[in-house]
Each structure stands twice: as C-alpha cells, then as structure tokens.
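Each of the two complexes below includes chain A, the first together with chain B, the second together with chain C.
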Partner chain A sequence: MNDIVRSLAEIVGEQYVSDQNEEAFFYSRDPGLMPDHKPDCVVLPETTKEVQAIVSLANREKIPVVPMGAGLSLTGLAIPLKGGIVVDMKRMNKIISVNEKSRYALVEGGTSQGALKSYLIRHHPRLRHSLPDAPPAATIAANVMIHGQGRLSQQYGFNSDMINGFEVVLPSGELCPIGSAAMTSEWYSRGAPFPDLSGLFLGWFGSTGIITKLAVKLYPNKKLRDVEIFVIDNEETVPDVVFEITHTELAEDILIFTQPMPAVFKDNHHVSFYITGDTEEELEFKRKMIWRALDPFIKSKDGGFMSIPPGVKGSLTEMPQTSAARIADIKKGGGFEYSGPVVPVEWYPQCARKLSELAKKYNLAYSGMIRIVAGGHCMMYAFAFAFNRADVDMVERTKKALEEVSNFVLELGGMYWKPNVDEQNMAIERMHPNTRNLMKMIKSNLDPNGIMNPGNWEVL
Partner chain B sequence: MLPLKFNVNACNSCPTGDCLVKCQYMDVDKDTAREQMIKIYNGEDSFVLHNCVTCYACEEYCRRGNHPFYLIMEQREQKNILTAPRAITNQWINIGEPTGKNRLGQIRERVLSLGFMPELLQMVGGPLFKDVMPSYLFGNDFFCNVVFAHFAKSSVIKERLPVMIDKYRNLGVKEVICLHDECYGAFASLAPAYGIEVPFTPIHYYEYLYERLQTLADEISPLNIKAAYQRPCSARLSGDKQHYVRDIAELIGVDLVHREYQDENALCCGEVMGWLYGYDLKNDLQRRNCDDMVESGARYCIFNCNACQNALSEKVMKLGIKPVHMIDLCRMAIGELPKMEV
Partner chain C sequence: MNYEEIIHRCFRCGYCKLTGDYDDFNCPAYRKFAFDTYAPGGRMWLIRAWLNGEIQTSARFQEILFSCATCSNCVEHCVFPFSDDLVNIFIAAREEMVNTGILPPKVRDYFKNISTNGNPYKEPAARRGAWSEGTVVESYDGQEYLFYIGDVGSYDDRAKKIARAVGELLVKAGFSIGILAERENSDGNEVRALGERGLFEYLADMNIELFKNLGIKKIITLDPHAFNVFRNDYPSRGAEFEVFHYTQVLAPLLEAGTLPLKKFEANVTYHDPCYLGRHNDEYDAPRTILRAVEGLRIIEMHQSKENAFCCGGGGGNFFTDILGGGKDSPNRVRVRQALDTGAEVVAVACPQCAVMLDDAVKMANLDDQVEILDVGELILRALS
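Presenting the complex of A and B:
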C-alpha cells in the first residue's frame, strides 16, 4: 500500500493523502449505528483530473474506492466496507457559475449545502436551492446521490429530480458529462429529450462513479415565508389532510411529525406546512386557501390549527432546521438514527402505529419525521430513535428496533431511503429478477473490477 | 363534582337578557335570551350551545351576578358538544398537566404568580416589582387551567383548580399578585362560582402596578403617546378591575384612543376563534380590530395577555402600530426601558 500512497501523493500532493491511524479512525465511521471499518488510506483531490487519476490508479490496481461528501448519511454509505481508498471530496468546493435566467448553479462535487446557500444569499438573493434539513456541511452531490429531500421536495420531488445533469468520473477513470452538457457547455437539462443516463449513477451511492461537477436547479426565493401547524389526533386522518393541502398546490413544503415529548406534542400528529410570498397579500392568500381547504376537519373537530409562539416559529422557519438536532440528543450521549423508507402517503397510519409499537416494545425515545414528496406522490417516513451511545443496552435496543423497521418496510412494500448494506441486500433479494438483472448488467459493464464503493448494491 | 352556583330565578326575572342580547357573535333579542338561558339551565339543547364562540363576555354582561358562560360551558360538556378539535383540546390538557415542573423564587407571604408563562420573568426584575420580588413562582403546577373554558372542559377545571389552589396553600402565601387575567379570574371568579375556597387574596397586577406607579410618581416621565388597548377574553372575568387601564394610562401620560372595539365592546384577539372555527372568523375579527386601531389614530397597542400579543403583534406592526405589554409600558414610563419609537 505504501506504493499506492506514494502514487496518490504524486497526484494530490503529500499533505492531502494519509494512511495514518488518526485519519483512518475518523474515516472508518459515521454518526449512525453501522459497524466501523478502516480505509487503507484517505485522499483529498482538488481537481477533476486528480479524481480521474486516483480512480484510474485504483482500477488498475483493483483497489476499492469510496467517494465521500461529509459522511453524514448515518447508514454507513461512506464507510469503506472493504478498505481501500476513501476519496474525500471536500476540497472540490467551488461554485463555478450561476445562470440566473435559466435558474441553475454549476458546482463542484464536494460543494456543501451551506456554501451554496450563503453564496446565493450574497449574490443571487432571488434564487434558492432545495436545502435538506442536514448540517450545512452536507454536500450537494452526495445528497443528490442518495435521492435526498429538501425544502422544495413537496413541490419538485427528490433533490435528485432537481438537477440539470452532472459530470461523472467512471470507474475506468474516464470523464463523462450527463445531460445537456454532453452536447453543449450549457447545463439546462439532465437528459430530456435524449435518453436520461443520470439513473446509471443516482441512487447507486458512488458504486458506479464519482460526481465531480453538478448542475443544481434553482428556484424563486420569495421574500416572505411562514409556517402553520395542523394537528390531528387520529393517524387515519393524516393522508386526507395531506391530500387537501397538496390539492391547493400552494404549500412550499409539508412536514409531519409525531413524538411524545414535550407534552405539547403528545398523542397527536402535526402536519406543518410552509407558505411563501413576495408580498403580504400573496402570503395571506395562500394561508387563506389552505386554511379553508382544511375547514371540514375543523368543523368535524377532527383537526385544528395550533398556536405557534413567535420564538418557536423562528426555529421552525430556519433552514436547515436545527430543532431536529435537539430532538436527536434528547437522551444525551449523541446517538440518533432513523430508518426512512419512501412509501405512499396513504400508508401513514400503518407506519405511525408501527413506530409507536416499537418505541413501547424497546422502551425508546422516538420521533416520526415525515416529508411529503412531489405533491403527495410519496413521502419519506423516518422512524427515528435517539439513544445514549454510552448505554450499551439502549444501543442494542435501538438496533433491534431499526431491524424490525427494515423488515416491516419490506413486508409493507416500501423502499428504503439511503439503505444500509443489510437493507440493500434485502431489497436486492426482494426486487423483480429482471430488475436485478438489469442492475447487474449496468454494474458489471461500468465497474467490471468492482472497485467502486464495494459492499454497496452488490448485485454481481 | 363541584356544582356551579347558578340562580335560574335571576334569569327568569331578568329585565334585559344582556348576556345574549349584547353578544357580538349571535343576534338574540331579550325574550329569546331569557328563554334560551332557561332552556340551557334545564339541560335542553339550544342554538347557543352550538354557536357560542367562547369569548367569555356574557360573564361580564350579566349584571345579576349569575354565570351564563360557565353554565354554557357546563352544558356543552354534558352534551359532548365539542368546541375545539379534539387534538387541540388534548394538546392543552397535556400542556397544563401538573407535573411539578416549577420554578420558585424566595417565597414570602406576598408572591408574584407568573402562572405558566416563564417569559414574564424578564419583565419583573426592576423597580416596579422591587417590593415583591424575588418572591415569585411559575410552573405547570400553577397553571390556572381557565383556558379549558374555551374547550368546554369544566371537568378539567374542577379537577385541577382545587389542586392548584392547594399548592399555594402549602406555600403559606397570603397575597397572590396575578400577572394574567386568567389566573386572577380563576381565583376571583371561577373558584367562588364552584364553591372552591381560596385561602389567599388574589390581586390583579393592574391594581399592583397602579399602586407602585403612585409610589414611584417622581420617576414617571409622561409618555405622551396615543395607544389602543387590546382587552383579552379573560378580562371579562375581572370586569371590576378594568378601570385600572385608564387609571394607569392617566398616570403615565398615555392617551387611550377612543375606538369602537373597547371596554364592553372589545373584540377577541382571534387566536382561539381560529382553533374553534377556522380562518374566516379569526380573520374577520383581527381585521376589524386592527383597522379600528388604525382609524382611531393609535400608534401603540397595549397588551395585557401574552396570547393576544402573540396573535396580533405582527399584524399591528405591519400597520405601523407598536405592540407593547402593559408592564413594559409602565417600565418605559419610569425610565427602566427606553421609549419605543414608532
């Protein structure tokens, strides 16, 4: 490996490669519950050419390559399960350009959510991107790669739906533009009207290539933004409430949460929706339409709006929302993990009942956190548990609860969001054989040596 | 269960039917008012039980010492006529559950009660409260539970109010200065109406402020501002103390503008109406109320209740009116806070 480290140092410079234990320790884990595994070395490229050279070297030597953004998936997607080289993309953090009229930003593969957000605020205040409720250090490319969701997902789909193409380093080391950039220097489409090749990479967790450049769609950044919370005591009613809100086509974002603490949230389901406007009139119009759409529930006493104190409103409207971090540490000890299957909205009742059953069975602090995607076509339902890492028994109970969620989701017919390797294998087992074969064809053709993030999507 | 003291003969012989005739949310004549209240007393159904918006005002309109609103609340619960959505009612039952989460200062015989509103603590540290602080308390054991009148949950009030009063009794306090109308109303109106003994003297904070301001008269610089007063629903339970609004305003040089929706004719902040009846009633109330403030020439809006302030602050600010709590207004007058410019 020493030769490899030396070769890598020749590519990126000595200070940006390491095979030391200190670095290996940090790159062997993420904040979730998956077992750690050390890489052989870590490298931080600065340019696309450096990434190409690293991948070419790894392919030639048949060494695993694990691309990494901020390493925040919580499900171990950037843990080097078979050792090899972790390619930390953080140095590739430039915002290359913003096309204001066509509303997209071209960024490098390691650019963080926070960097783009602050850049847009400073230079293009009328534009925004779909910011996930992750720490600002989370990278845009990694979030797209896992089909993340963000503040605009209710309107426009998964964050991976909100891109205009990308440039990817293939396992061979070749560079391939995907989308309109394959034809021109402009980044206005990720595929249409030609074959959309982005699916060869999105959702593959880096097991088919490394994104080095990405065109992110931007959207109007309205001057005003507000939130309302509709509260329901019966989980069966939640899909109907979501249906009525989405029917108005006026909500920016719809999040649902259910949790037993603090007491104000006990025993209820909270559908929070966000509205935006450039004027008070626009904002009030949207508020009025949605309130009226929910009037039948108020009249039947099945649901109602709760008062949100101004202090709380501030934390609900911040982007990203940090209140999730407070819930995450409710047991102290820094442990938090969730399983977030993507399922139809009408499955909310089953998911809510299962969450409550598991929390009781394993005596765990819990929270159900749900984001509506694409006007209600589906939702991400996060079965979230907070635990104390120093409490071995609590950690074990959390693992068991999450395992049960995995089985429950599979039985239900849901799709795991950012599945860990165990869940990936369960999904592969479950999927239609022809679909599995198609995945095999893609993987074996793109990555015949199996070097890219091995362990993930092991269809071969 | 604790029975409500209600004298139906007072309704039988009522010459005005003011309780419902004056209601701003129902159109009722004198004879109908009397007839409906007697029907309600007799346990019969009435449109009043379905249409009451829980503004509490009939408690004040009745000049015969009866409790029309408490009776309506009782009968709604008896008949399981929900006012608010179940989830909202349960949310408040959970919020107000006494679990011993309290904060006590150095409790003396005279104590300042912040009820369940810890945010008030930042207002009560200066000269105005010097002769009572640091004798204060707040927490969910001291939540007065009057809010359940909005939810027609007299059972919760009757269950929790005596327990809460016992907490005060155990502390040995003799005088409780209530920083919210609801708390004062719990002790001065609801408890007597249900025959619950109150082993201390409740003091409305307006009365306390007025006395303190008189003591601090030399410190007062007249504010010379025009202000509207937002009277909360719970002030209907302490109608005899409302003259202090004018008394205090006069002392500190505040010109209380004359407006349509003031005193007996005050409009609710609309927050509860939104829970109970949705957007249109809430919006109508808030719009009429705010427009009235603007038309009357008010540059400030004085709040008594934090819930009203939360509901209306942003709305009045957008109309160029500065929201200010009564305590902060008094602090401005004695120079403890800088005068807020509009």
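Presenting the complex of A and C:
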C-alpha cells in the first residue's frame, strides 16, 4: 500500500493523503451503529481531475474506492467495508454558478447543504433548495446519492428528483456528464426527453461512480414561512389527515412526529405542516384553506390544533432543525440512529404501533419522524432511537430494535431508505429476479473490477 | 482526565466546524489540514479512542491535539448542551498528554523557555521593557493602572511597535499607567492552553502575588490573551483586580470625541481576536474606536464577530506554528477574507493576530495591497 500512498500523494499532494492510524480510526466508522472497517488510506482531492486520477489508479490496482461526503448517513454507507481508499470529497466545495432564471445551482461534489443555503440567502434571496434536516455539513451530492428528502420533498419528491443532472467519474476513471450537460453547457434537465441515465448512479451509494459536479434545482423562496401542528391521538386517522392537507396542494412541507417526551406529546401524533407566502395575505389564505380542510376532524373530535409557543415555533421553522441532531443527546450519550423505510402513507398506523412496541420491548427512548413525499405518494417513516454510546447494553438493545425494524419493513413490503449493508442484502434477496439481474448487468458493466464502494449493493 | 465523562456525547455532526450561517468551515485546524480528524468532532472521537487505548500516542495524534487554536468557534456553534466545555476538553486532553511527558518538540521547547527564561523568546528579562525606551511610558510606581504587555508585545519586533503605539496613546488619552518592564512575567494564557497546568498555576500565583505586593488594583492589557487569563482564570486563584483590554478604556473617550483626530481616509476591515471576541464577548469596543475616525470606511468581513475566522495563533500555535505554512494556513485564509472586502487596512486589536496576519501578507506578497494595523496604531496615526 505504501506505493499506492505515494502515488496518491503525487496526485493530491502529500498533505492530503493519510495512511495514519488516526484517520484510519475515524474514517472506519460513522456516528451510527454499523461495525467499523478501516480504510487503507484517506485522500482529499480538490479537483475533478484528481478524482479521475485516484479512481483510475484504484481501478488499475483493483483497490476499493469509497466516496464520502460528511459521513452522516448513520447506516455506514461511507464505511470502507473492504478497506481501500476513502475519498473525502469536502475539499471540492465550490458553488460554481447559479442560473437564476432557470432556477438551478451548479455545485462541486463536496459542497455542503449549509454552504448552498447561505450562498443563496446572500446572493439569490428569492431562491432556495430542498434543504434536509441533516446537519448542514452534509453534502448535497451524498444526499442525492441516498435519495434524501428535504424541505421541499412534500411538493417535489425526493431530493434526487430535484436535480438537473451531474458529472460523474466512472469506475474506469472516465468523466461522464449526465443530463442536458451531455449535449450543451447548460444544466436544465436531468435526462428528459432523452433516456434518463441518472438512475445508473442515484441510490447506488457510490458503487457505480463518484459525482464531482451537480446541478441542483432551485425553487421560489417566499418571504414568510409558518408552521401549524395538528394533533391526533389515534394513529389510524393520520393518513386521512395527510390526505386532506395534501389535497389542498398548499403545504410546503409536512412532517409528523410522535414521541413520549415531554409528557404533553405522549401517545399523540403531531402533523406539522408548513406554509409559505410572499405576503401575510397569501399566508393567511393557505392557512385558512388547510384549516377548512381539517375542520371535519375537529368537529368529529378526532384532532385539534396545538398552540405553539414562540420559542418552539422558532425551533420548528429553523432550517435545518438543530433539534434533529440534538436527539443524540437525549440519553446523554452521543447516539441516535433510525431506520427510515419509504412506505405508503396509509401504512402509518402499523409503523406507529411497531415503533412504540419496540421502544417498550427494548426500553429505549424513541421518536417517530415522518416526512411526506411528493404530495402523499409515499412517506419516509423514521423509527429513531436515542442511545448512549458509552452504555454497551443500551447499544445492543438499540441494534436489536433496529434489526426488528428491518424485518418488519421487509414483511410489510416497504423499501429501506439508505439501507445499511445487511438491509441491502435483504432487499436484494427479496427483489424480483429480473430486477436483480438488471442491477447485476449494470454493475458488472460499469464496474467490472468491483472497486466502487464494495460491499454495498453486492449484486454480483 | 477532566471531562472524560462527557467525551462520548459528541455526535460528530459537524455544526462545530462551521460558521453560524453554515457558509464555510470556520475551524482553523480543519481548514488547514482538511481531514475530519482535525475538526472538533474528530478530536473528540480520537481523544476518547486514545483514553480507551484504541489509538496510541503518536506524532499525528499530537499534531491533531495541539493544532487546536482554542478559538472557541466550536463552543459558539456546537448545538449540544456541553458546547461550553469543548475547548476545555481539548485543553484537558493536552494536560493528560503533558502528564505522560511525551510532547511535540515545539510544545516542549515552549514550556522549557518559559520555565528557564520567563518568556518563550529565550530573551533576558532585563529586555522585557526595552520596547518602551524613548516613549513617555513609565515604569509602574503606584499609577492608577498597570499596563500589562505580555510576552509577544515585549519581545516580538512587530508587536513591540504596537506596544509603543498603545502605550503612547493611553498616556495621551490621560490614563495614569505604568509598566512592570523587567518585573513582568508571562501571563500564562498559552501555558494553560497548551496543557501545562502546574506551570500555569506557578505563573498565575507569582503574578497575583506581585500585583498584590505592588498594590495594583486595575490592569489594562495590550494583549487579549492576557486579558482573558487575568479575567477568567486568575480570580479563582485569589486575584481581585479589575481588568480591561486597552480598547475598552479608549472606546468611551473616542466615542465622546475627547481625543482630537485627523481625517483618515481608508477602507478598513476589523479582525476580531478570538480571546477578545468569542472568549470575552467584546466585539463593540474596537469598532467604536474605529467609528470615531472620520474618513474610515469600515467594511465587515462576512466571517466577523461570533463567526470570525481565527488567525491561527491561538492556543499556543503562535509559538508552536503547527498551523503555519501553505496557502490554507489560517492566517493566509484570513487575509484572503479581508481582501475580499476591498479593505486596504486590516485593523486588529491583538499583537499576536497582528504578527500572524502580517506574516501572511508577506508570505503572499500582498504588502502593496493591504496593511495590518493595530487599532492603537491606527488611532495614533489619526491623532492630530
């Protein structure tokens, strides 16, 4: 490996490659619960050409390459399961351009969510992108690679739906533009009206290529934003409430949370919907329309609005919500992990019951965090458990609870979101054989040496 | 190790290494080295691994530990309840390392020089007050204020000019000040930050006793690092004096127009020293002073006040230079941020920041584009 490290140093500079124990320790794990696997080295490229050279070298030498953003998937997707080279992309963090009229931003593959948010506020205040509630250090490309969701997912789908193409380094080291950029210098379409090739890479967790440049769709950034919470004590009613809110086509975002603490939240399901407007009048119109849509639930005493103190409202309208990260401190132990299957909204009741059953069975602090996707076509239901990483028993109980979620989801027919390697293998097994074969064909043709993030989507 | 019980609570979410608006990475060590191991989260996870025996003491781990500039950006932006203790945790880990006796050579030499010479420059104590020769600044002899200079202002050639400027300015402003010259000792802020708890306590106790014996009740410091340690660490060891940074005593006078100033035409940006700003919440006094100068157009850097990017000199790095060298060294990055404002003058209120930024300007051959001036130097120029 020393020769490889020397070769990498020639590509990126000695300062930006490490085979030291400290980097091996840190990059062998993420904040979640997956077992650690040490990389042979970590490299920090600054340019696309450097990424190409790294991948070419790895392909020639048949060494695993694992692309990494902020390493925040929690499910170990950037853990080098078979060693090799971790390619930390965060030095490639330039916002290359923003096309205001066509509403997209072109960014490098290591650009963080927070950097784009801040840049747009400063330079293009009428535009925004679909910011997830992951910590702002999370990178845009990695989030797209895992089909992340964000603040605009209720309206426009997964964050991976909200892109206008990308540039990808193939396992051969060749650079390939995907979308309109394959034809022009403009980034206005991910694929249509031509074959949409983005699916060869999105959701593959870097096992078919590394995104070095990405066009992110931007959307109107309204001047005003507010949140309301509709509380229901019967999980069976939640899908109906979501159906009525989404029917209005007026909500920016719909999140549902259910948690036992503080006591006022216990046994309730909180459907928080966000509305935006450029004027108070617009905001008020949307608010009233949704109120009207939910009025029958109030009349039937199935639900009601919760008054939100200003401090709490501030926290709820924060983007990203810092409270999402703070869940990790509920047990004063720096840990939380969730299994977040993508399932139909109508499966909410089963998921809610399973969550409380598992929390009770394993004596864990829990939170259900649900985001409605694409007008209610599906939802991401996060079975989230906080744990103390210094408490071995609690860590084990959390792992077991999450394993049960995995099995439950499979039985239910749900699709794992950002599945860990075990869940990927379960999904591959369950998959229609022809679909599995199609994945095999794609993988074997794109990455015949199996160098890209091996261990993930091991269909071969 | 102190704080051992909370180290595992870090989620390594990364808020700590960013600015408050998430615009950019704002941890100087991370900015320089770019591996996550050098960010606060990485340092937390590695300290835990080191205490658990999962990694061993190594030159790399020492570099990671001692490259922290103690700038407190992580304290400002971490979203967890233990955020206030982040820098304290890193200092505690350094203390643990010091207790092993295995230290990076530059850190070891720093302690040795302080122990044997009373300063990190290996200069004789007799030269400590040499900067004041030819000025109106007198030795301390019962004046209302002790004007405390610190190691950098006393011995560094660039910083000595700042000491002269501020000393003369304070006298012109009518303050009754005196310096200790050869009687002055290191304040110990960097000794504490580098983890030599025993040496720090020795220095602090010696200073407190000296100040008490001389009847000193009020201190004006040139250096925010001294201001910080006098204000925050000495009281628990029995110190009872009032402490001011020099900008704090000058600001009200300049705001009231007491000092006649000439017009001074320049585009200026102000760099917040971490030990004045984030550590002690003093963002206004230097700006109040600058605003008092007619003709100065003050342009803020995007990374200012709570979000100021550290020059890289804090936490002992001024002396150990672990963060120095290359285009991504924090002082070079900070100068680029200053140039982005269009400023021709970068005003600072810390001799260590001034030297760090001056070095960066020279390294990047930017002398003809931007000048680093201490606020005191700038005001002295504007005095008619």
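What we mean here is this: the second predicted complex is superposed on the first by the 460 of 460 C-alpha atoms of A that agree within 3 Å, B and C clash if a C-alpha of one lies under 4 Å from a C-alpha of the other, contacts with A are read in each partner's own complex, and residues count from 1 in each chain.
FYI, contacts are C-beta pairs under 8 Å (C-beta built on N, C-alpha and C of every residue); 3 or more make two chains touch, one makes a residue touch a chain.
This is a predicted model, so every value here is computed, not measured.
Of the two partner chains placed by superposition, A:Lys62 touches none, neither chain B nor chain C. In the superposed pair of complexes, A:Ile232 makes contact with chain B only, with no contact to chain C.
In the superposition on chain A, contact of A:Gly333 is made with chain C only, not with chain B. Shared-chain residue A:Ala70: touches chain C; no touch with chain B.
Contact with neither chain B nor chain C is seen for A:Lys360 once the two complexes are overlaid on the shared chain.
Of the two partner chains placed around the shared chain by superposition, chain B is the only one that A:Asp295 touches, whereas chain C remains out of contact.
In the superposed pair of complexes, A:Asp267 makes contact with chain B only, with no contact to chain C.
When chain B and chain C are set side by side, the one touching more residues of chain A is C. Per the touch definition, chain C reaches chain A in the complex via residues 6, 8-15, 17-19, 21-24, 33-37, 42, 45-46, 49, 54-56, 58, 60-61, 64, 79-81, 302, 326. Those residues of chain B that touch chain A in the shared complex are 82, 84-88, 90-91, 94-95, 97, 99, 271, 274-280, 283, 307, 310-311, 313-314, 318.
Against chain C, the residues of chain A that register as touching in their complex are 15-16, 18, 20-23, 25-27, 31, 42, 44, 70-72, 88, 90-91, 112-115, 117-119, 121-122, 135-138, 322, 325-326, 328-329, 332-336, 388-390.
Across the interface of their complex, chain B is touched by residues 231-233, 263-269, 280, 287-288, 291-292, 294-295, 297-299, 301-307, 309-310 of chain A.
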